[in-house]
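There are two complexes below, and they share subunit A, which is joined by subunit B in the first and by subunit C in the second.
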Partner chain A sequence: MRYKDYYSPNSLKEAEQLLKELDGPVTLLAGGTDIMVYAREDDRYQDHHIINIYGLPELQGIELKDDCIRIGAGVTHSEIEQSPIIQKYATVLADGCRTVGSLQIRNHATLAGNICNASPAADSLAPLAVLDAKVEVLRDGEMVLMPLYDVIVKPYRTSLSDRDLVTAVIVRRLPEDEITCFYKLGRRKALAISRMTITYVAHKADDGTVDDFNITAGAIFPRPMTFPDINEKLLGKKPDETILEDVARALGNKIPEITGIRKSTAYKQPVCSNLAARILKEKLLEV
Partner chain B sequence: MKKEITFRLNRKDYTIEVDPGARMIDVLRDQLNLRGTKEGCGVGECGACTVVIDGKAVTSCLVSAAQMDGRDIMTVEGLSETEIGSILQKCFIQYGAVQCGYCTPGMLMSAYALLLHNDNPTREEIRDAIAGNLCRCTGYVQILDSIEKARDEYLAKA
Partner chain C sequence: MTTYTIGKSTDRIDAEAKVTGKAVFGDDARFPNMLYCKGVYAEYAHAKILSIDTSEAEKMPGVACVVTAKDIPGEKMFGELYIDQYPIADDMTRYLGDVVAVVAADTQAQANAAAKRVKVSYEPLPVLTVPEAAIGNEQVINPDYPDNICGGVHALKGDIDKSLRESDIIVEGHFETQFVEHAYIEPEAVTVIPSPMRPEVTVLGTLQAPYNARISIHRCLNVPMSQIIIRPSAIGGSFGGKIETAEAMSVRASLIALKTGRVAHYKLTREESIVESYKRHPINFDLQLGADKDGYIKGLKVKAIGDCGSYINMSPPVAYKVATLGPGPYRMDSLDYDCQMVITNNNHTGSMRGFGTPQAIFALENAMDMLAEKVGISPLEIRRRNLLANGDVSPCGHLLDFHEVSIRSCMEKAVKELDYERKYAEYKEQNKDPKRRIRRGVGIATTMRGASVGADGNGYDVSRVLIEVLPDGNVHVNLGLVEIGQGLRTTQAMMAAEGMGVSLEHVTMGETDTSRAPITGACIASRGTFVGGMAIRDCCDKIHKIMAEAVAKVYKKPVDDIVFENDRVRFADMDISFQDAVNACYSCDVNVTPTAVGTYYVPMLKWDGHTGEPFYTYTYSCHVAEVEVDLDCGTVEIIKMVGCHDMGRSINPIMADGQIYGGMAMAEGMAIFEDLGLDRKTGRLKNTNYENYIIPTAMDVPENVAIRNENPDPRSAFGGHSLGEPATEPGVGAITCAINMALGKAGYIRSLPADIDRVFFAGQELFGEKEA
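Here is the complex of A and B:
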């Protein structure tokens, strides 16, 4: 890797100081599983100060709060997958993280890195979207909380500057009896870049009506998004086949609506609707 | 640019100067002359360069040299000194898990990391553990069999 300078600060304070003092472009290196690949392609980092923030103690740990979960920016996909807190209160994120890359990559790559790389096919993004994720950013000495939607603006582009340091990702804490689903469509079982993922969270009240619902698809849209108009179709109702098929169709219809009609639409739109219908019925219809 | 880093490698302590932005696999192979770790794809897809860092399997082509600092590293060269490792190596040979051999060091390291944390994995868990390691010769069956045999032998000893 060609670079201008390389720093390994020992604390968040030191990293912050470096961000303030250095002149010229900065690249923050966490796990580096994307950056090390880009660095092979060309010398795009040759004028950059590299700041290695991997393993900074302030960026570790998963904390359970009253209504949310705070995931440190340095937490790896494997740690999320294995975290009892995530497994219990945000299962869908553990399921998404489990399908990222290979075990070797999940052991090293961080969730915040997955966000900052902003690949539309990143498997963690759809689960984060349905969990109303917010990104905690250290900007000019202050902590700012930004919705994930505002962080990722389009494929491989974020609204963060090179002086912004992501310190944590905050997601909803779901009730223990929340129904969640993450489905991945890839070309093979392991190590596949997603063609499409479909994710939802749903909760049924005692009378069987749905009082919480959020659905989205991954690897389809330019940025992680959710759709209140689709969620409305199910909220307050008892799920039946007609409603679920309507929800699934509406999700598929978002593809041409948002990305425009492309060659792939003929495949993606029906596949998205059919898969969504299948996984919604599987878990939400009374048996 | 050079930076001094200190780490444990195959149960020995090292302090060396490295280019902090170099790839870990290059430090191992070119600087330390440990050429057991192989490079296949260089982008984290094939698993040939798998090493174990702090008990976890990681592809060393994606690790920056500075990130070796302070860590406890095991490569295929250190495996025969460990109980799990030497059983794995013996079983790989005995049950035909090695054909061309290029994926073997990575396979062994992934299997070693699995058995470190789980001394009685199911075949499914073994499959998951080596899902990030490609082998184009064996079709994986002999590798899975060998790891199962190693598991049984290790359990019998413990």
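Here is the complex of A and C:
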């Protein structure tokens, strides 16, 4: 790997100081499971200062708050997958993180790294989207809170500058009886780049009507999106086959609507609808 | 036959070095003052090279030299059978894996940087990537083959027109297979050490065929064969793949080592390895299978066209195996199997586990299922009606009266293990529901595999071994058939122990070294255990004769009935230890040398170019597979595979099982995953690493079952013939037959891989409209 120089600060403060003082492009290293791969492809980092923020104590930890969960930027996929808090109050994120790459990658790769790399195929992004994730960014000495949608603007592009440092990701805390689902379609069972993921969270009121619903697909859209118009189809209603199939079809229809008709649409659109219908029915129909 | 060592599961002799990380693989070699090499690849798959300017690269820091084809002092081309491959492209590029120059520098980074400064100017030529379009094309790739056909084999038996005319049922189909990468874990790497004393090079690295590499270096660099010493390192998988590519690299690195007097280390990245290395042949089959109304086969007619890519490599012998083994282990009155190989600007194609048969068996076995469907019987029953038995004549005309033709028992054991009949009936019933989205299927494929090279290599199918019995009673074996991960070294040691009549701890195996082990054919064609074992047997017999002479002199007893067994030597009324017999040889009043070279060559086979005895003996195999297909998204999950093989005798059962498990996993990859993403416009491969080129992971391989159905072969020294390639060849057929059963239509998917897109669209075509 070719780079200009390498720093390994011991605290967030030191990292902040470096960001302020250094001239020229900076790349923050937070695990390196993407950066090391890119560096092998070409010399894109040869003029970059590399600042390793992996393991900074301020970026660790998963905290349960009243209505949300704060996940430190340095938390790995394995930590999320194994966290009792996430498993209980944001199950869908644990499920998404569990399917990423291989065990070795999950042990090392961080959630914030995944966001900053902005790969549309990143398995954590669709769960984060349905959890209304917000990204906490240290910018010019201040903490800014940005919706995930505003951070990832298109594939492999974020709105962050190279002086911005993501410190945490904040997601909704779901009620314990929330129904959640994460489904991954890959070409194989491990080390698979997702062909598609479908994920939703739903909650049923005592009368059986749905009072919370958020569905999206991953590895499909240019940025993490949710669709209020689709969610509306189910909100306030008792799920039945017709409604769920309508929701599923609507999700599939978003593919040509948002990405245009491509060669892959012939596969992705029907498959998205098929799978969405299946996983919605599995968990939402009364037995 | 009582055995003491063979037939008992034994730890691999290299296990400890490999699991502790101590084994030295190709890229592990490090020497003082070593140079690192980097190849410059062609920019066009087909182009004239107008000029190469290396001056700027030569001025780059750390660069010792830049070599091009002009620096090669000997012949510009090499090849195992056909001399047409350029280790460094001379006047033209013929595919994108051609190397036009090689840079050597003090560090790898310096070599990489300098390689980018080599300037080549090209005149692009039309790129041919479709074999059918290349045949007779005005654009000729190799002027020796003006129609772009480099060869082929036409197997003929009986009167095919009559058989098809008399058939009640004829099934027809067009089948296509893809390029497949060997996907060895370790990319190619060689290290060449020049001698300071004389023009001599020692080549270490990933060399599956050391004696062929020696010939190639000799041919291109004019070094005497004796001064080219090939010592393969521990090899991280090969599957037939580390022959020509590694040889081309050996020539390049030797050129640099001789030019600079420095050690030259040359390794490929994964991407370079996939771009440069040869692949499994894509073959298209047009097939007609004729049978009577009860499904008894009358004749098979196949026209197969293989893509040999830029260099001929092993294409004609692959065509030979396609045409002679592609008809499977079935009775038939007549056969007309014509396989031709076409030169294109794709990656050249060569040896890969199966050597043409996984493709041919895929086509044939799906046609068998189509026939069963037409007759109205099960795939199992159609095979029961047609499989060969003792005393039958093979499709190519070989009377099978010399060993147990065990294909029927292989199939019956495999289907029993899978519970095939129950599952077939159950899934067939379930799949009648057109609304059913998750469907299961079971599939069967059977093969007969010719052991070793076959009649197209008559006279060349030789092996040799040097065994020395040393004064301490140690039996030291030097055999140039290479350990490539398959466990051959251990097998050889076990056969030497058995043959010599000593226990395994008295046998040591020399590392393969061409200056030490006598010239032998390559470790290819599933011949290592078979022909290696025969040479070991011959060698042990010769040494026993020498030792018998010595003990006769020392003990003054007749030795006509001498037996070497289990570390004892018995003759007349004597029962002495092997060590005593060794002592007799080295005693000062006798002084004979218990050392010999054993030789074996496969007997000349009757083959008139179309029919006869294509091979000396055969391995019978059956794979059955159970799959689950999800029509909602096209995924295929392999639920279970069973591989039942008659390898004659398994020398080391636990390793034989390992071969079978690995073979099934490899077939799974070819059947449902693997795709290099060839761009037919440019000849470029899109999927050049394992992020994009999908092979099965451990998570994708189910709990498969290996069954050994052993019938020791009287035509083999220790009863064992072949297993390496048989372990993989039926798998693709079994899996695709199972997928097509799940789809409810035999032979529906006829192109590989049956990946998620292909299976999804097949489901849409078959069931989509009914749903709407």
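Brief remarks on what is shown
The working rule: the second predicted complex is superposed on the first by the 287 of 287 C-alpha atoms of A that agree within 3 Å, B and C clash if a C-alpha of one lies under 4 Å from a C-alpha of the other, contacts with A are read in each partner's own complex, and residues count from 1 in each chain.
Definition applied: contacts are C-beta pairs under 8 Å (C-beta built on N, C-alpha and C of every residue); 3 or more make two chains touch, one makes a residue touch a chain.
Fair warning: this is a prediction, and the values are worked out from it, not measured in the lab.
In the superposition on chain A, contact of A:274 is made with subunit C only, not with subunit B.
Using the contact criterion defined above for the overlaid structures, shared-chain residue A:172 touches neither subunit B nor subunit C, since it reaches no partner. Contacts of A:104 after superposition on the shared chain: subunit B is touched, whereas subunit C is not.
In the superposition on chain A, A:254 makes contact with neither subunit B nor subunit C.
In the superposed model, more residues of subunit A are touched by B than by the other of subunit B and subunit C. Judged by the touch definition given at the top, the superposed model places A:190 against both subunit B and subunit C.
Judged by the touch definition given at the top, the superposed model places A:204 against neither subunit B nor subunit C.
With both structures placed on the common chain, the touch criterion links A:36 to subunit B but leaves subunit C unconnected.
By the touch criterion defined above, A:3 reaches subunit B but does not reach subunit C. In the superposed pair of complexes, A:49 makes contact with neither subunit B nor subunit C. On subunit A, the surface patch touched by subunit B in one complex and by subunit C in the other comprises residues 2, 189-191. Per the touch definition, subunit C reaches subunit A in the complex via residues 109, 437, 632-635, 673, 690-691, 694, 696-700, 755-757, 760-761, 764.
Across the complex, subunit B meets subunit A through its residues 1, 3, 20-23, 42-45, 47, 50, 56-59, 61-64, 66-67, 69, 110, 128-129, 131-133.
Contact residues of subunit A toward subunit B in the complex are 1-3, 5-6, 8, 29, 31-33, 36-37, 39-40, 50, 52, 54-55, 78, 101-105, 107-108, 189-191. Within the complex, the subunit A residues that touch subunit C are 2, 185, 187-193, 195, 266-267, 270-271, 274-275, 278.
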